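So the structure is just underneath, and the comments pick up after that.
Chains: A, B, C and D, in written order; residue numbering restarts at 1 for each.
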Amino acid sequence: MSGSITGKNIRVSTWGESHGKALGCVIDGFPAGLDITEEDIQKFLDRRKPGTSTATTSRKEDDLVEILSGIFEGKTTGTPISLLVKNTSQRSADYSEIASYYRPGHADYGYDQKYGFRDYRGGGRSSGRETIGRVAAGAICSKLLNIMGVKVCAYTRSIGDVEIDYDKFDENTRLITPTAMPDADADKKAMALIEKAREEKDSLGGVVECRITGVPAGVGEPVFDKLDALLSQAIMSIGAVKAVEIGDGINASKIKGSENNDAFENNGSHITKKTNHSGGILGGMSDGSEIVIRAYFKPTPSIASTQETINNSGENITINIKGRHDPVVVPRAVVVVESMCALTILDLMISNITSTVDPIISFYKNK
Amino acid sequence: MSGSITGKNIRVSTWGESHGKALGCVIDGFPAGLDITEEDIQKFLDRRKPGTSTATTSRKEDDLVEILSGIFEGKTTGTPISLLVKNTSQRSADYSEIASYYRPGHADYGYDQKYGFRDYRGGGRSSGRETIGRVAAGAICSKLLNIMGVKVCAYTRSIGDVEIDYDKFDENTRLITPTAMPDADADKKAMALIEKAREEKDSLGGVVECRITGVPAGVGEPVFDKLDALLSQAIMSIGAVKAVEIGDGINASKIKGSENNDAFENNGSHITKKTNHSGGILGGMSDGSEIVIRAYFKPTPSIASTQETINNSGENITINIKGRHDPVVVPRAVVVVESMCALTILDLMISNITSTVDPIISFYKNK
Amino acid sequence: MSGSITGKNIRVSTWGESHGKALGCVIDGFPAGLDITEEDIQKFLDRRKPGTSTATTSRKEDDLVEILSGIFEGKTTGTPISLLVKNTSQRSADYSEIASYYRPGHADYGYDQKYGFRDYRGGGRSSGRETIGRVAAGAICSKLLNIMGVKVCAYTRSIGDVEIDYDKFDENTRLITPTAMPDADADKKAMALIEKAREEKDSLGGVVECRITGVPAGVGEPVFDKLDALLSQAIMSIGAVKAVEIGDGINASKIKGSENNDAFENNGSHITKKTNHSGGILGGMSDGSEIVIRAYFKPTPSIASTQETINNSGENITINIKGRHDPVVVPRAVVVVESMCALTILDLMISNITSTVDPIISFYKNK
Amino acid sequence: MSGSITGKNIRVSTWGESHGKALGCVIDGFPAGLDITEEDIQKFLDRRKPGTSTATTSRKEDDLVEILSGIFEGKTTGTPISLLVKNTSQRSADYSEIASYYRPGHADYGYDQKYGFRDYRGGGRSSGRETIGRVAAGAICSKLLNIMGVKVCAYTRSIGDVEIDYDKFDENTRLITPTAMPDADADKKAMALIEKAREEKDSLGGVVECRITGVPAGVGEPVFDKLDALLSQAIMSIGAVKAVEIGDGINASKIKGSENNDAFENNGSHITKKTNHSGGILGGMSDGSEIVIRAYFKPTPSIASTQETINNSGENITINIKGRHDPVVVPRAVVVVESMCALTILDLMISNITSTVDPIISFYKNK
């Protein structure tokens, strides 16, 4: 059964394995008339590239995107946009050993049980490289969202026990710190923690937070396709995410209604809420406030220290995973979270346009 | 855009408003040959009924299900199963006032912004009564899952700051305690807390936990339709849920890889994991261990104490919400969580059957 | 696998068996704000009712529709519209015999092979009564289309070898003739033919034609969801249809390009085509001309004369089908064809609105 | 709105324009474990290549397929299969003129009206080259169908007024005749007709017939996703098709029930039908007989003779289309029809496996 396609109006289909010839995506249903260049997409892809810092794997790849279809004379044509990134650094030798056993914390065992075998090279389809297609699609969606006045901004909120200080929050900082933290001090502390984990042949988890501004109230479809439900699917579908929160999230379950309810108010110029415990979503629809979502990532399962597991024959063994691995996936995952949020929001904002008969009737009256 | 249908093989469509004539669901694609009676479904619906205890609203409804189609001579026929529950207790007068303002913490404002107006009676479509359709569908899915050896068991894990003690865990207890807690002592403490909240004209949140056993490794589709991604959508689509966790969830983001990885082992009779930090899901597929998911519910937004908000004309006002309201939705939401998990798991288990060519080839060889 | 749901923006789900408690549909995603009454829907349902003439079965049913949800204060609310028609005339005794054998030309054998058993009462799910849900949904879609300036008009073009004369075409006539022909003379001839077929214990087929005006150029999605592709699915999904034509259809395959091409022209006031061999569809999109589609119906398979077949045990037998059967389904199928066209066109017209970025950007600019 | 994706279990997404960098498809959900090589796919693609005969355009392209993902060690992995064919022959100069006007019989006008502009090079997305993705996907589906005992065989039945003689039918002949006719004599006559049309600067239409054997009774989903409904969508979605017939098709509408009904019989070894007017489909499900479907193609709209039309500015003009054009698309469309049938049948055969609870229960019992 198909599972690599998402979205309703805009359908994004990703394909490709870590060590295959290439990876990419097809974006079907994107509206015509948006100016898009390979540079627009590359900028997003560069944010998920393995960096030069110790926070991320030393594997070097250019991950250059090629537009194969759907864009003509610099504009989207309304037909499927096919994007491709070639795999240029395929040191398959590093991975030959892992064919024989199941790495703890990885999808290896599930793939073999489901499909009878697996492309074991670098994790195959379950590799983080699969997100290249998501980020390429996210770049295009984000460009249209920006024109619509919507801003999607994700950043690292914490790594291990190092959390950012919101008083030091600077949005641009997240684009230059190796941890993608918007707080340079926290970044330094986190980098030290990462270095220590690497030395200990261990790994770390962390939290990515995403804030979306400019979404008017009413976006999201009641019941199963609620805004928070689809954001949760989108975020939880990213490898290594183990929890998702909207607004106050878990904390909301511990406080009282009188503390958690946000009062609506007319501040003279427009309707707003005095507080935003809801994280911008009520009843599955945007409420006009900033949308706040958090993704909790587990520590990288590929660690260099000795681990117990079983091999293909079902024998208990111990292993030492070799190869290039990020001690923490969070910094590179920031743009993936941002991309998945952009995809989801744009898709629901398009659905929202035809929620009432009036815009439908007037569109065709003006034809 | 449609948003009240979910599932791939089995598609469940819910309909109905709190104070309309009836509520129900249509289940399309359910396999033929399962014995189902109205009693099977009623048993589930009774678990979400307003109880006699102080934990839940005093509104009394029989919520009797009628099977209108899709079941013949006591068996599912493979064609759409239409289920209906009539609304018998429609004290609309209680709700006439709320037509004029937006209740904090509710979907009222979003509905008006999206659709231009709303069915304000008892929350209309955004009422918790919408879940009747989900639970009716969940009952049928659960019956088939049980035959397949899969058990889905949800219960209240905490209300406010009262958490269950796993040493006192008794699965049957959850079916008789008014809080749906599987620990009678915690239940008593939670009931006292609820009574206090009601007296204070306030409300409480809490946590529902769901455990699913008997799912072999490999269930779930890679990338967007991962088992945890679809479970998250399913759970977050329930009103009042603000966070979802799989396995160690948020805690996984704080510990190290060496602590979080679960070692596979062959215990002599079968493959298992020494620990279950993963909550039974790795790489978006079941890993053969118990699946553990938690839903965090915010406190009921309808509280009797005075609140600030705006009216339809955009004026700042204060309100006092009247009518019958649960001081905590968690006890009645337990069976909703269980139902949504059952739907999601069964649907993915059906998809999983044709993941390889062998069962397809042999099905038709034997024809 | 689900197969009783259709549409993308507006999803219609039909349910119910010929002799179950009721039949109906759920319409999810219909835009908010359309005035709809039960009378609007009843008018369409009355067009598919068994008539008083010899053209149709003598079975009498009121087929009264009830609106259960999705309409509040006379307007669609944007949430699922649930419609129900009770089965009041269930002479099941008539059908008990057919449980034991497979009627030629019917779905009986396929159902048993697929599902292991079937609801044999009156054809169960494969009965023409299933179309009640389609027609109810079609009534609502047609009402919105009319406001949008789109008219969908179906009628009987031929029964057996009696064809209408376009010189005598009168649109209102089709609503009063028992054959649904728009030509009163042809109607009389066709009625005589039907009477003869009934006397001979035989049945007839025929052709329904549907014309859709007011659709601007560009409606339909390239490739798989072409306007003609989705219309074909919609029409062929009606029981007894064996062929579908667009415009010149089959004849187009026999003539030359120079004869078949329609020249575009600017007639001073707007762009049009000098001829309409294309039937209003080019490259899968509307071309601005009238859309013309034809559905070819086979003769009713239930005939009173003796037929050969097999029984459930696989023995060769001869049968005589009893009960009430239309000697021709075409007159009652006209409104079904019209409804399926209305559903398909409206759904694609909604999709078409967001084909370019401009209406998306301006919708949110004006928020 | 997305329109370039089809299928339910196996979802095929095609992308690419006639003169873009490449065309291709992504096949998501194909079951794991099928042996597939590029040669398997190339064999199908070669059948739609412009030939050396006068029947088809003189444009030469290798149309070599590259597998980019989803196949590992020669087997499908269960993850998305990405296939790519580079455009090597891009004589864009030929097409620059057509940017300024709307070709009669083409999608040009619709594209401009829908999207505001179009990729005019060689028809862009509306070019017949779009079918490369369909045929590549069809090759893979056909390979699995063959193993399952299902054979899908399409051929040219007629071109203009030249029809094949079934007494001379030879299945292999269709693979070597330039017209794809299975009758060498008819092929010669058709080739003469084509040559004449070319000399007259005109073009021809024709009929492709497809026969599918080995499908047991019960395949197809009742109501909207009927086997014939989905086959009709699949076939009508091919450019230039204007009519679709199942079995006796149009003729069925002209005869009587006693003539059209096929008697079931037990011939001693198995259940069959004495005749096959139904074309192997009853009530939307396969009935166990050979499935017969016909696609009626209009004549190629690109003709060399002078035509009237309008230009982009809405002025009436006359044009002479230059460039390479098939005088008839039918021979190259045969493999496209075969591919679309293969896709549709395989997808529904997979759905059919889980129509009853028994195979679901036993699959997991055996785990």
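Everything below uses one rule, namely that a contact is a pair of C-beta atoms (placed from the backbone, for glycine too) under 8 Å apart; a residue touches a chain by one contact, two chains touch by 3 or more.
What you see is a predicted model; the values in this text were computed from it and never measured.
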| item | value |
| --- | --- |
| Joint neighbours of chain D and chain C, given as chain labels | A, B |
| Comparison of A-C and A-D by number of C-beta pairs in contact, larger one | A-D |
| Chain A and chain C: spacing of chain centres that average the CA atoms, whole Å | 44 |
| Chain centre separation (chain A, chain D; CA means) in Å | 38 |
| Where chain C touches two or more other chains at once, by residue number | 1-5, 8-9, 14, 29, 32-33, 78-79, 114-116, 125, 216, 221-222, 351, 354-356, 358 |
| Residues of chain C defined as touching chain B within the complex | 1-5, 7-11, 13-17, 20-24, 26, 28-29, 32-33, 66-70, 72-73, 75, 77-82, 84, 114-119, 124-125 |
| Complex interface listing, chain C residues touching chain D | 1-6, 8-9, 14, 102, 104-116, 125-126, 130, 158, 160-161, 197, 200, 202-207, 216-226, 228-237, 239, 241-250, 252-266, 271, 274, 278-279, 282-288, 296-303, 305, 307-310, 314-316, 351-352, 354-356, 358 |
| Contact set on chain B toward chain D in their complex | 8-9, 29, 31-34, 76, 78-79, 144, 147-150, 216, 221-222, 349-351, 353-361, 363-365, 367 |
